[in-house]
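Shared between the two complexes below is subunit A, which pairs with subunit B and subunit C, respectively.
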Partner chain A sequence: MQALTNKAQAVSRKPMTFLERLYLINIIKGMMITFSHMFKKQPTIRYPEEKREFSPVFRGLHVLNRDEEGRERCTACGLCAVACPAEAITMEAAERVEGEENLYKEEKYAAKYEINMLRCIFCGLCEDACPKDAIYLSETFAPANFTRKGFIYGKSDLLIPNPKTEADAFAEAKGVEA
Partner chain B sequence: MTILALDWGLIIEKLIMIAIVVFASLGIALYTTFGERKVAAILQDRPGPSRAGPFGLLQPLADGLKLIMKEEIIPNAANKWLFILGPGLAMTASLMTCAVIPWGSAIDVFGRHVELQIADVNIGILYVFAVVSMGVYGIMIGGWASNNKFSLMSALRAASQAISYELAMGLALIALLMTTGSLSLKNIVEQQVQGPWWNIVYQPLGFLIFFITAMAECNRTPFDLPEAENELNFGYHQEYSSMKLGFYLFAEYINMIMSSAIMASMYFGGYDLPFFNEASVAPNIAAMIGVGTLLIKIVLFIFLFMWIRWTIPRFRYDQLMGLGWKTLIPLALFNMLLTGAVILAKL
Partner chain C sequence: MSEQTFFKVTVDGITIEVPAGTTILQAARQIGGEVAPPAMCYYSKLEGSGGKCRTCLVEVAKGSEKDPRPMPKLVASCRTTVMDGMEVKNITSDKVLEARAGVVEFLLLNHPLDCPICDQAGECHLQDLSFDHGKSGTRYEFQRRTFKKHDLGQHIQLHMTRCILCYRCVFTADQLTNKRVHGILDRGDHAEIATHIEKSLDNEFIGNVIDVCPVGALTDKTFRFKNRVWYLKPMDAHRDCPTCSGRVTLWNRGDEVYRVTARKDEWGEIEDTPDGKPGWICNTCRFDKKNASEWVIEGPRAISRASVISQGHYAGNVGMTIPTETFKAVNGGRAPHLLMDIHDESEVNQPDIHLGQIQGPSNGTTFNNKKDNA
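So, the complex of A and B:
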């Protein structure tokens, strides 16, 4: 059979010499290897205290965005739900009434907006699909929960804090600009 | 103070010493489990237990508490008495060894001359052998009483391993005893304190054989065939839970400490600190330095045990028997003959 690469090496079938059969030298060699590992840098990240830096394109939990005046951007067009390959997003639209102009940017808004985090595959297609820049994926990931219900995130979990009234919380939630 | 022609001071002194030695070895064993986990972790490039207390120092206490709080389970089909006797015997045998180990020279307390050894038996090493070979009964009885085929197989392995390696161990020791001419551990250590060299210089091959067999007697990797997690499913202590399991695990660590202490005493000068003149300080301080020296030697041996454990994989069963019968015993016999020849040539 012709070899595909020239990487193959013939196995040595030589009988072991007396020193090799003693194994002691090889055992000491092995022990030196393990000993040298005592001084190697540990790759461990001690999680709650230390956190691994995410890349700027990391796709974590979703955030429903607001504009500069603190109005919700989402118009409940449903493009994100259509784009979602995991069918994790559901929403119910409602019409903005008189006096709600400071709450919602456009005439139509999402009265209910739910993402099932157990279905979500964090692909970011909703972010791509959104024409209003209303949804994006942040750098936090879904925390553990005790029930399946707890993984269905409603508007209260997803909405970014209001930049007008809670500027600090907004800045924290927004994180670094990608 | 002499009542009934008994020296009560001696009894009290020995009782205190027994208590100190037993509790100290339990405490050291507790922290040896921690050391084992830390050494394993560091050799594998990870930090090891670090959550409980500073540097994870409270981890062994948490482990111990967990073991105590677990439910005691005695299987229905098990032989109840033997099932309980097993771990007790294992623990007793490993603790009994410490009776003849000389922990230091002598100190003077309240005008009493106290030897830092529980019992200076003139057949000390023979006693150690007798007790160590009793330790395997703990494993055998536990494994048999569990009424479980894996436990039974593990008990058989432990028994055959102990028999095979005790022979080589004894033969390696005979060569040492030929040079020292005494079976008392105290005498052997004192000879090394007074003499120019430690016994390791006269008996390097004997020490190597003794070390390998001691590792086998302690059922440590690479000789942990009785445990063999991946073939025997934890072996003889598979059916055990709670503190009975704890006793087995503890006995293993105490065995390790005791065999380290015996190796340090027999081959590495025991409580002898090299290049240090004991007469230059007060006898009490010298004795304390001696105890510290012995403890350091023990810790180094324990580290060596762990280091080997986390380097070498387990032997196959036929390799284990081959090493014991075909290599170590002839080698030990050769060592014996060589020592005899040298002694005769010197006469």
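So, the complex of A and C:
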């Protein structure tokens, strides 16, 4: 058979010498590599205590945005769901009735809004598709959970705190400006 | 059969023979495809429609065989009849494309562009038109006009701000019903569709104004905000209706009927029934028959591949039959130990909420809020 590269080496079938049969030299060689790593810089971090910085383009868990007056921006137009390649987003629209003007920005709003985080691939296409600036991908990721049920995020999990009534929580959710 | 004169007309280099008296637009539609000019106000099933929106403007490069001079201005193809040897330029003429972009800009001057809320989104002719022929920006700097809300009764929702004043609904009421109660009031910028002194539209055939409306100005209240059209499953269906043809398109989610409309052809107009009459449907079919059991379902409706409505839909009879569950058979007759019913957790599309049965739009109380109590 013709060799594809000239890197191939024939296996040596020579019987081992006495020194080689002791394996001592090779063990020492191997341990040298092991011990040398003790003095090198560690590539790992102690995760829960220490955290790595996210890249500025990191796409994590979704948030449903509110406007300055604390009204929900989402109007359930369905463009995020139609853009979603994983079909993770579902919603149910409802009409804003009188007296709800301080809750919802537009005439129509999402009464139910669900993202299945097991399906979501965090591509950010929903963010791109949104005409109302209502959905954003934040710099956190979905925490682990024991059941699949825990990964269906409803509106209560996704909505950003109200900047009017829960100013502290809102500031915390917004995080520090980079 | 009487002798008919046929005229030869060339649209964008494609020659076709049409009977005398055919309009340029109809001739172009017989050729089909991109050659056919768009039309917002013209509706072939309505007599006297057309000539208002100016989107169908075409250039006539050669008047006829006898008088080969070009027409000095762009002409409205829906109202201009063909002459023998006429040469028409539609998409091959830069003048036409420029004029059309201008017309789109005018039509959008006062349009609120609230497509995320509008129920017509996805099947709106103005969306298609501005996507195909419009420019991305507007030069208009002033407040868009707004109107006082008019109530047109319990079935039809009027959004006057979205109206482009095509007069189609006025012609529909004139030609399908014996008494028209709505029309265009006032002039110029104030012109609006309204009934004189709040009346409701309740003629048996008045629901067809929803189908003829090219924009979202007249929409179905029984479907209002229920779902986006592209998530629904369009199905051809019919029923034995004493007043109308009974041939409709059902828009289903699962087995629930969310909306009933007439069947529309590739130009967005109502399809003819087999006996050659336009297939207008009555209000009973449209608004009151929201149970799948009341209809004979013929099969999925073919939707143009370019339409957003066709997303997630497959050709043929896919989705018509429920596939058999094979888990037990391959697992020695045992049911799975762990099986998550999505309805236990998800609050969307709950089996006990029948949106199709609700008369008006749903609101916060429709969904019994388990965890998202707003």
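Criterion: the second predicted complex is superposed on the first by the 139 of 178 C-alpha atoms of A that agree within 3 Å, B and C clash if a C-alpha of one lies under 4 Å from a C-alpha of the other, contacts with A are read in each partner's own complex, and residues count from 1 in each chain.
Following the convention adopted for this analysis, a residue touches a chain if its C-beta (ideal position, glycine included) is under 8 Å from a C-beta of that chain, and two chains touch if they have at least 3 such contacts.
Please read all numbers here as calculations on a predicted model, not as lab measurements.
In the superposition on chain A, A:Pro131 contacts subunit C only, with no contact to subunit B. In the superposed model, A:Leu79 lies in contact with subunit C only, and not with subunit B.
Once chain A of one complex is fitted onto chain A of the other, the partner contacts of A:Leu103 are limited to subunit C, with no touch recorded for subunit B. Once the two complexes are laid over each other on the shared chain, residue contacts for A:Lys155 go to subunit C alone; subunit B is not touched. In the superposed model, A:Ala111 lies in contact with subunit C only, and not with subunit B.
By the touch criterion stated above, A:Leu64 is placed in contact with neither subunit B nor subunit C.
By the touch criterion defined above, A:Lys40 lies against subunit B but remains apart from subunit C after alignment on the C-alpha atoms of chain A.
Counting the residues of subunit A touched by each of subunit B and subunit C gives the higher count for C.
In the superposed model, A:Ala93 makes contact with subunit C only, not with subunit B.
Within the complex, the subunit A residues that touch subunit B are 24, 27, 30-31, 33-35, 37-38, 40-44, 46. Contacts from subunit A toward subunit C in the complex involve residues 75-79, 81-82, 90-97, 100, 103, 106-108, 111-112, 114, 131-132, 148-149, 152, 154-156. Listing the residues of subunit B that touch subunit A in their complex gives 42-47, 50, 208, 307-308, 310-312. Taken together, the subunit C residues at the contact with subunit A in this complex read 114-117, 121, 224-228, 230-231, 308, 311, 340, 344-349, 360-364, 366-367, 371-374.
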